[in-house]
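You will see two complexes here that share subunit A, one where it goes with subunit B and one where it goes with subunit C.
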Partner chain A sequence: MKRFYFEEEGIHTQEFHVPLYRRASAQDVFFIGFGLFVLSYLIVFYLISVTNIFIKNPMEINISAMFQSPSFDHLFGTDFLGRDIFSRIAKGTEAFFLPGLLSITISTACGVLFGVLSGMYPRFASKIISYVLDIVDSIPRLIFILIIIVLFRPSIYLIMTFVGVTSIPKITAYVKAKVQVLKKQGFIESSRALGLAPTAIIFKHIVWFSLKSVLVIHATLGLGEAILIETSLSYLGIGVQEPIPSWGNMVAMGADYFFQGRVWLSSIPAITITVTIMGLYLLGDGLNAIYNEKVTR
Partner chain B sequence: MRGMITALKLVLKEIVYTLMLILGVTALLFLFFNLMPGDFSGKGGGLPAFLDLLRGLFTFQFGISVVSGIDINAILFPAFRNTLVLTLGAIFISLVIAVPIGIFSAYRSFKGYSWPLTLFSYIVSSIPVFYFGYLVLFFVSRQTGFLPIFYPESSVGKYRILSYVLPILVLGVGNDAVSEIVRLISSELGRVMSTDYVIASRARGEYQLASSINEGIAIPLVSIIFSKIPFLIGGAVIIEFVFNWPGMGRLAFQSTLDRDLPALIAIAFLSVLMVRAGMILKSILLYIFNPGASRE
Partner chain C sequence: MSLVAELKKLRVYFYDQKDMRFIRAVEDVGLQVERGSVLGIVGESGSGKSVTARSMMGLNSGEPGIIGGEFYFRPRLESRDLIEQALSRGLNATSYRRGELLNLYHGLDRYITFRSHPFTVIKDAEKWIRRNSRVMEQVRGKNISMISQNPGSSLNPFHHVGKQLEKTIQRFSSEEIGDAEVRERALGLLQSVRLRNPSEIMQQYAGSLSAGIAQRMVIAIALASHPNLLIADEPTSGLDTTNRYGIIDLLSSIMENRDLTLILISHNIRLVELIATHIVVMYAGLVVETGSTRDVIKKRLLGHRHPYTEALLSSMPTDADIKKGRRPRATWGSVPDNKLVSNGCPYVDRCLHARGKIRRKCRSVRPELQELGSGHFIRCYLYYR
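Our next item is the complex of A and B:
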């Protein structure tokens, strides 16, 4: 799809500086706006659940008020023990917020490191790194996590560390491809001719100036994946355990009452998961479109 | 003739690399096996034990479950077949849903009629698959009674095909491949349809879609579908839990609860085989569709 007049003339886009807001179509603006909305409510939920203001106690059991449908007093209703679902959803962000950031940090840092190494030194480092990463990539992620749970214990931080480890191969592949292209370009060659140190070339000119967008997109999509894994595992009962709220185990607990017609118990956390993950995916795809990167999930 | 030789070389190289990778995966699994606390047969013992494990895995003799004492082969292979059916069916369903939407939205961009379909593909692929299973069960089985909610043991042979319908449908619709295929096809097809050679072929009176189908649809599809297999196996774990489907994923979950590492290692080995077979198929298909790119 052609977005600018000079693409039709066969001129390389990178040679002009086009402001980002001009590159965006209506679709991209909608996607990114929705994604930023999702990110902002995630942060707000996390902050109010950490500071414990504005919400009711998510652990407080009130048998006289169970299965209440959504009302002004209980925004999303109450569950089978009379706990307020809204405050449990806000508290549920704690289950993946910091672990998800940990997973993103690990995958991005190691991905950049390995990608730059194997892009800059294609003869030796590249082969070993790609072999090791292919091994990690071959084992399906959920099976890998199940093995980790058997070996150690179902702690969410540990699981998220391994989610980060299993995302390394993808980021490495992108960074490597990008570095291989950038390495041959004029500005890298001239900065080498000027006597710039290799670390400065790599970290300033390649990573900071040219890879920012890829890393931001990957971080967004990675957070979505982390949330999906956390909720799935908590749903299966091997992630975050019951009295501590997580969106996944709230769906699992509500599912027992789903067929009795008390639909909102599991629907509200499930819709929250859907909207959140959709927002992160849309944000990633919108950024993809305006930065002209072709990053897949 | 030369093309054939190049293709054969490519396949041979892929197979050798795959064997090396499987060796590496086995070494990793052996490391895990030895890290696990507790003591049972096959643990420790260094290189001979590793060779034993290797021989067991490569001859498909997975040994005996440490929890139930049953031969793992007897339960694993029927489960593997079920999961294979589930995964292949889900890929098929994803393609059937996503490819027409992608083509449609390549013709009409977001401002046309395609945005509800694009949005639908995003919603469908971000809805958690476990909840989607409940929704489908609720509407199809509970409200309308179209399909039974569970199949009694005696009627399994009779309704085998019917019992496949819902899990395959839910996994095919609910994995995140749908929105990705839609996005990839709509952007790639849009790009290819405005290249010079497609415009020239249109000027000659050929169909625009027919001349851009190779570069615009086949190559992106092949490169994305086979890299989705690991995610589909992950989704199968959850779907099999929801629908109580006797597959490998449910077995994996059960052995996680039982801390039955030998069974889990056998399952991991089989799924690695599945993933790598997909990768070999991918490189062959990419060579068929685009012989120039595979040449080094």
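Our next item is the complex of A and C:
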């Protein structure tokens, strides 16, 4: 009620700490809700495909049921070999789910470590870390992925490890900037004056209290990016190979039949990719909007 | 008379990366704090009060500055062994002891070399910082606690203030205590700092507290660790007048109830005068006058007071002074730049008393602290015998 009163007065007051539910605008609520919906169906699809409790087997070829348009029997229709597209989309999450998590874990863990080190101890660590990360940052990602595929093997785990490593510099820069602001705050000095050990200050007061929201946001954005890279590689035919479904190779295979009027073969996986990535990015945006409170008065 | 802390010839220099040289922040500062007494440090901003306090806490070490001198401190019995362990590490001598006092800066001189012409300081920074922080980690909190300048920013903005107080109580209690016990102690502490509805305030965030309440909260957190020595660095600077006297009154009542020694730092000499037993007046990184409050402030005879103390007092006249027709008088000029270290007295440019031959002497040679009465020292040629 108080908040409406202030808005009627035409005074926009930003309270220092406003509860989360009061900070969120209608747009933020929509973004976050949409993002959570996307996340939940990703998790459900993944659980279905690991436990293998499909209604229709995604790998089963049925020549008599080729090119069926969406119906109650086949929710998203069937493809050129009569396989159920809905089940294949569910199965397709397997291609990026764990590799994506791997990439996020690598980038956030190393990013936080390097960011905190170079933010807290600028004399000792900052220069060498920034040199190394500048080199990593200058690597053209897609070309190097192709080189990796040529040199080793087209393993999605290898590719996602590389993606994780190349997104370390971004997170490091963010964490470093945040740590540099936070460590000059009075409450950090007060906790030092109270005799708290430096490691406790770094991990409790800086990383856990102040950075966890940032990390959640970066993780969502990172997952979106991982999906994008996996699908684009599979679309180009250098990611997941054909009988095993992936959203990217489903689009590529279905594209041949697009102008025959069988649009669902390629457009349904394509729409799924769009909605999913948009959902994850919007989730990051919404969280960013409500979590980014001012640190100083 | 038993001392809690004694600072001898403290000097702190900061490194200016732009000009590639050291800047004097504090030089030749000495002070003694007796057990149960209140020591007031006064001076304008830039006179080195906060630097003195922060180097007593070991909080200056993060920057590439240097600290020299001796800091004798009487720690609590239970933490004495740990401090001695940290002090004797790498050294076989026990020269850090002086009676019950321990020299917390012992062994730091090894890493620093002074050269006077040209003035340079060579310092092994990493070893210096490591040793200093190892010793000071044992001292901070349990032995020395600090109330810093801005109460709002010294509380974590992301958590309930009550939680921060409870965590501090848990951390410094000698035995394991349950949540209910912790909460009870927290409420007791908050009542002792005269907060009216403690259980409501504990639910709030730092940003939604008013400055006076936040300062009381900070004092409660500082007291939760049962310190020997409490350093209050401008505890009243952001507060309105009534709250200001409330905090000073609170501090003096806390002093009565606990075994606590207080160092009160302020630029407001009239406020310090209220509770301090001894006063140190600082100017441009030097102690210009020190003694008991009676000696420094109440003696009316000119000839027993430093011109700078005179200027501080006349800029804030009391009611009695105003009745006599003494108006507040501003001193012209400001604190000299720390980069321009002169050989003479730093106050000479603003001094209205020194004339003629004495003034020429003031410009060329820096005066030393001279004892006037018992325990009353002054750094001025006007009163040299």
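Note that in this section the second predicted complex is superposed on the first by the 276 of 297 C-alpha atoms of A that agree within 3 Å, B and C clash if a C-alpha of one lies under 4 Å from a C-alpha of the other, contacts with A are read in each partner's own complex, and residues count from 1 in each chain.
The definition used in the following text is that contacts are C-beta pairs under 8 Å (C-beta built on N, C-alpha and C of every residue); 3 or more make two chains touch, one makes a residue touch a chain.
Since we're looking at a predicted model, the values are computed, not measured.
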Partners on subunit A (subunit B, subunit C) - clash or fit: fit
Partner chain in contact with A:D256 - subunit B first, subunit C second, else both or neither: neither
Superposed model, subunit A: greater residue contact from subunit B or subunit C: B
Subunit B versus subunit C as contact partner of A:G195, first or second or both or neither: second
First, second, both or neither for A:D73, with subunit B first and subunit C second: neither
Subunit B versus subunit C as contact partner of A:I139, first or second or both or neither: first
Where subunit B and subunit C come nearest after superposition, their Cα distance in Å: 10
Footprint overlap on subunit A, where subunit B in one structure and subunit C in the other make contact: 296-297
Interfacial residue positions of subunit A with respect to subunit C in the complex: 15-17, 123-124, 185-187, 189-198, 205, 209-210, 293, 295-297
Residue numbers on subunit B that touch subunit A, as the complex places them: 20-22, 24-25, 28-29, 32, 35-36, 109-111, 115, 122-123, 125-131, 134, 138, 142, 176, 179-180, 183-184, 187, 190-191, 194, 224, 227, 229-231, 233-234, 237-238, 241, 249, 252-253, 255-257, 259-261, 264-265, 267-268, 271-272, 275-276
List of subunit C residues in touch with subunit A within their complex: 57, 59, 64, 125-126, 133, 137, 139-142, 145-146, 148-150, 152-159, 168, 171, 205-208, 218, 221-222, 225
Footprint of subunit B on subunit A - complex, ascending: 1-2, 25-27, 131-132, 134-135, 137-144, 146-147, 149-151, 224, 228, 231-232, 235-236, 238, 248, 251-252, 255, 258-259, 263, 266-267, 270, 273-274, 277-278, 281-282, 285, 289, 296-297
